[in-house]
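Mind having a look at this structure? Questions to follow.
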Amino acid sequence: MDFSPILISMKTASAAIVFTFFVGIAFAYWVVNMKHEKVKMVCDGLLTLPLVLPPTVAGFFLLYVFGVKRPIGKFFLDFFGVKIAFSWSATVLAAIIMSLPMMYRSARGAFEQVDPNLLYAGRTLGMSEWSIFWRILFPNALSGILSGGILAFARGLGEFGATAMIAGNIAGRTQTLPLAVYSKVAAGDMQGAYQYVLILVVLSFLVVTGMNYVTYIYQRYNRR
Amino acid sequence: GAKKDDSKADDTKATKTEETTESAKEEEPVTLMVAAAASLQYSYEDKLIPMFEKENPNITVTGTYDSSGKLQTQIEEGIEADVFMSAATKQMNTLVDESLVDKDTVVDLLENKIVLITAADSTLDLKEFTDITKAQTVALGDPESVPVGQYSKEALTNLGLWDEVSAKASLGTNVTEVLNQVAEGSADAGIVYATDAATTDKVKVIAEAPADSLAEPAIYPVGVVTASKNKEAAQKFVDFLGTGEAIAVFEDYGFIQNK
Amino acid sequence: MKKLQVDFRKRLKNFDLQMNFAMEEGRLGILGASGCGKSMTLKTIAGIVTPDTGRIETGKTVFYDSAEKVNLTPQKRKVGYLFQNYALFPNMTVADNIAAGIRHAKRKDKRHRTEKQNVREQVKNLIEQFQLQGLENQYPVKLSGGQQQRTALARILVSRPDILLLDEPFSAMDSYLREELQIELDNRLKTFSGCSVIVSHDRDEIYKLCSHTMIMGEGSNIIFEETKKLFNQPRYMQAARLTGCKNISKAERVGPRTIRATDWGVEFCIDREIPKQLSYIGIRAHDFIPADVNDQRRENVIPVFPCGITKAPFEWTLLFQNKENPKGNMWMKQERGKEQIPEKVWVDQSKILLLE
Amino acid sequence: MDFSPILISMKTASAAIVFTFFVGIAFAYWVVNMKHEKVKMVCDGLLTLPLVLPPTVAGFFLLYVFGVKRPIGKFFLDFFGVKIAFSWSATVLAAIIMSLPMMYRSARGAFEQVDPNLLYAGRTLGMSEWSIFWRILFPNALSGILSGGILAFARGLGEFGATAMIAGNIAGRTQTLPLAVYSKVAAGDMQGAYQYVLILVVLSFLVVTGMNYVTYIYQRYNRR
Amino acid sequence: MKKLQVDFRKRLKNFDLQMNFAMEEGRLGILGASGCGKSMTLKTIAGIVTPDTGRIETGKTVFYDSAEKVNLTPQKRKVGYLFQNYALFPNMTVADNIAAGIRHAKRKDKRHRTEKQNVREQVKNLIEQFQLQGLENQYPVKLSGGQQQRTALARILVSRPDILLLDEPFSAMDSYLREELQIELDNRLKTFSGCSVIVSHDRDEIYKLCSHTMIMGEGSNIIFEETKKLFNQPRYMQAARLTGCKNISKAERVGPRTIRATDWGVEFCIDREIPKQLSYIGIRAHDFIPADVNDQRRENVIPVFPCGITKAPFEWTLLFQNKENPKGNMWMKQERGKEQIPEKVWVDQSKILLLE
């Protein structure tokens, strides 16, 4: 069995979740604090979009945006020397785009459930908005944020369609676990496919349980 | 950290490649990327690539396997493939027209047969290809995107069965789907390549498509990608695929040499 | 010299909140019925609620001005507001909650820089002063009501605001602890250079702690006066009621020095000029004095028709009506020990409150 | 342009969301109230699984479970005369399985953020657990639940891989919008693809915004 | 006849909560320092908190028994518990919050069936009685503290529990409203057939409303007695303090009828037998009487060395020490009007509280 997909998938999912986590939270915070209800709803709709597109189609669009011949892809290549499409960064990109809506949406719901008086209390105590966010809003929305994190991580780990499109299925470079599973299945090697599926399941299970455990420990204050 | 390493590795690879072409030193290591239809993956990975690498110790071959249509798009968008092998001529022709594949390197290497299959334990009494009309549901490849689908449609159209069959057909987005749907009995029958049918014993082949039903047989063309930086090595690989020992391997996997 | 000048208007659902007062350095107590807008006023000053129009400023800074479109953030106002429901951070221990007040005052304020080292110590001191020892690492859900209130109080005090707004700071504490902490707060406020505003339902607390008292009616300040003066001579019916006058009756002038309490059916003589806008009179329950049957006084003596007696721990309350013209009830309070029901009661002319 | 995919997709997504919504909430409630932390974590991991599997793989599993030769599929066929594979119900099944984790996870996070004192208050007032759930827990967790609903709906609407596997791609019967888009894109008919994508986007946008609006109206009590 | 018998033990972080009391029909007031476990006790009875061991029962039912493994759900206990922080449902209006209490009592209880029609009316009545008119459709976040408390109170009362547990029911209300609602509650409780328990920090409230009073120390009930008796003759130091005795000193017996208050440096004569376990004496601030310089009394007269004066609205407090042996402070209270500092003060032998 080839172990490179495991490594690639782990690297991809980890890199993606770090990015998604913070960007998703930032978007959520931004949208929650919007004044205009209408703008808010529109932004919400836009941020949820990637979820509704079939991943392969999303992959197509990504390819049209980040392909080496397209302006943005070219820009990255010329100025940063980073080739996005068909490289490891493309697997990360695909995972991020496809998992962002979950992170964003869960974080938003969680933020909305936090008692606003706590934020006001922080303000009158002179805490900066930054530290109010990290020390009050974030910890008190943790359950929901973590839900989003778990969803986003799992989605990133399982991302297949967009990845296959924009990153390709290049063994040892961009072949993630889901792609490896696909390859095995396509070749009729169900035995090999099951092995990879098992690894995928165990991996996600470990991470999800780990994340649950961390929150459990962290949220001592909630337990009576 | 990981990202940086990766791009660095890419850089060094690129510079090395340039050196190779300049000095044409046989000893310089070269990495080739082959983009091939998914149905070729196992013949490549298990036999052909090891054989080729043994003969040419300085060349390493990696593969990316997916549906031909997707690979076509990816080559259009600049994937760094050196060799492209498609499961149908349509994709190859398009790329040649767009001058993304060198026209004179293209070889129509293999031929594949399309066959009517049912589940191994099917009780349906199907005898020949035209019996497909007896099945209640049929799994086909999507003619728009899956090569085997194009051939299925062509064959059925020529047999005058397309309208009847398409009304009860599920158009799979890839061959695996078709195969599994038939194997699991979701579809009573389906049309796939003979090579696909050979990958599993859960389906049985009823009949090949009648010889006259296809204007052109299902061809697997191979060619060198124009943007390749290792054309020499790429050509070497294409040539290797045409050798007798390679063809023998292909035939083990159910392909037929195109003459 | 710091001042707090407040003048704003805010539409609420049931009424308009319309406040207008100014105070010098010192302590202001706010008394008012439940739901009259006390907490809203404090929130508006703290910057939690934005008024519709008006201007709020201290000597140093303008907090809010609808005309000039100024509206400082709560952080910039440096106003400490004790939430009526405490608003402790559930994810922080008692010690962290208190420390959350400190650090930020420091980071902004260079002169507190030197105190950086003794943050821990400051927290420790406050925890001791507010009798929270042993609870440093408890989370708020596991605190009792009074413990939560003390933590919130400590958190506000440590943040060294320019203005201190306390919304019922002792409501969840037992009387013993309350008195101790009132003294504690009193001492702290003595060294505190800014204004402070205390909302309370306990008039003794206001009397003890505040130099000035404001009385609020539905959504506006009716009276703003020195505390001592207000308690001794409440000029308004609401003030009398809120400063603990149990007996209030509609009244009408019947002569130059005579007044009729229409609710009770009693006439009283008054030793002062009777003001024009008079519409109520008030008599504190303690001010009815039992009159001997043989007493020679004829003025302001009421024959007693007793209606009920209740006994508080150290007091004895008699509910009675005018025997000759029974109408509304009057309350009379006596210390325990002098517990006979008198035949008649008498009230000193000077003790009768004339109210608008 | 063929309009049947639109109709099929709408029917599928609606049927799926109704089921997912209630089942997801039920699972969330069940897991939140579990006593044993470890069992809880394991259940959580299991319920999150479908998210990590590439949809095609999930489709395989579904096919292996509900295929006409497999016990469950057979059971449905023999007793209810319902052939699940290759039917409209299969599209719904695929959408449900793939969107359930989001609903479950979001609802769970939301439930955990509700002040338990409210539930106790309901109990001492003699409210049944059922009405405590619907009248207290649910409304107070609405932000998070709605996030889950939106995610699940969008995911159901966009479901592609598993649907293609178990329901097939039968025009007018099981061809959903994402499948139609995929066909068009794969065939290089970007014109036709854009049309469907547009419809997909508009549709999801309308529903998401509608759901947002409903919560906005419903949650008047949160606004100050 | 309904009884409430409570006997349980629960480990808390800082101490063990160990309660043991039984009461007949009637009202029990609980007094205790902040954080001593009052709310926890009520929560345990209501079934919100499960004790470690013990037994809780009423005449009709066993709520909890660790030995028999009985632990009824809160629903089955039919205990109304007023949360100290109200726990109003944020998603329901005032009217719905109150109605949330009604319906369920009805659904279970057949005899309320006939009242089904007047649910609306019942809610309306309560809204009026608790002066919440105009707020029927307001959501809790938009209520003032006192309005929230009244809503919670109405919600509990309407649910017709067998046992009523009120945790500081009037703490957020102004004195005027508080008295009105105390009367309102008193009337309701008169028609109420079950037990009720009221936790309060206001001893007058307890005195007014409760037939029995329980005093709690850290985690256990120290005293359980008839209210009147307890307030008149508190036998324990804590009881004396909580019933408002300001002057408490360590004491030692120096003769058969003589005692020394070590904190004050004063000796007192006592007209009773001095009990063995005596360790404190207490004197209420009101019980110090100014003594004339020429007064003939020699017993229990203390020469006054004044230390401070504070004036409450209707009272005047003198802080003094024993002039001949200055040690700890004593408090003396007088009604306003008699405000000279006396040379000496005297205390009646019978007024001296001997405390354990």
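Every chain is named by a letter (A, B, C, D and E) in the order it is written, and numbering of its residues begins at 1.
Everything below uses one rule, namely that a residue touches a chain if its C-beta (ideal position, glycine included) is under 8 Å from a C-beta of that chain, and two chains touch if they have at least 3 such contacts.
Because the structure is a prediction, the values reported are computed rather than measured.
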Path length in the contact graph (chain C to chain D, fewest steps): 2
Chain whose average C-alpha position is farthest from chain C's own: B
Inter-chain pair with the most contacting C-beta pairs: A-D
Intercentroid distance (Cα basis), chain E paired with chain C, Å: 23
Computed distance of Cα centres, chain E from chain A, in Å: 56
Whole-Å separation of chain centres (CA-atom averages), chain B against chain C: 86
Multi-chain contact sites of chain B, meaning residues that touch two or more partners: 70, 73, 176
Where chain D touches two or more other chains, by residue: 56, 60, 179, 182, 186, 222, 224
Chain E: positions in contact with at least two other chains: 85, 142
Set of all touching chain pairs, with the criterion as stated earlier: A-B, A-C, A-D, B-D, C-E, D-E
Residues of chain E defined as touching chain C within the complex: 13-14, 31-35, 37-40, 84-85, 134-135, 138, 142-147, 150, 167-168, 171-178, 201-204, 207-208, 228, 231, 241-244, 284, 286, 310-314, 335
Chain A-facing residues of chain C, complex: 46-48, 73-75, 77-81, 83, 85, 87-93, 100-101, 104-105, 107-108, 139-142, 155-156, 159, 161
Chain D residues touching chain B - in the complex, by the definition given at the top: 56, 60, 63-64, 67-70, 85-86, 164-166, 168-171, 174-175, 179, 182-184, 186-189
Residue numbers on chain D that touch chain E, as the complex places them: 115, 117-118, 120-128, 131, 135-136, 139-140, 142, 220-222, 224
Complex contact set, residues of chain D against chain A: 37, 40-42, 44-46, 48-49, 51-57, 60, 101-102, 105-106, 108-110, 112-114, 116, 141, 143-148, 150-151, 154-155, 157-158, 160-161, 178-179, 181-182, 185-186, 193, 197, 200-201, 204-205, 208-209, 212-213, 216, 222, 224
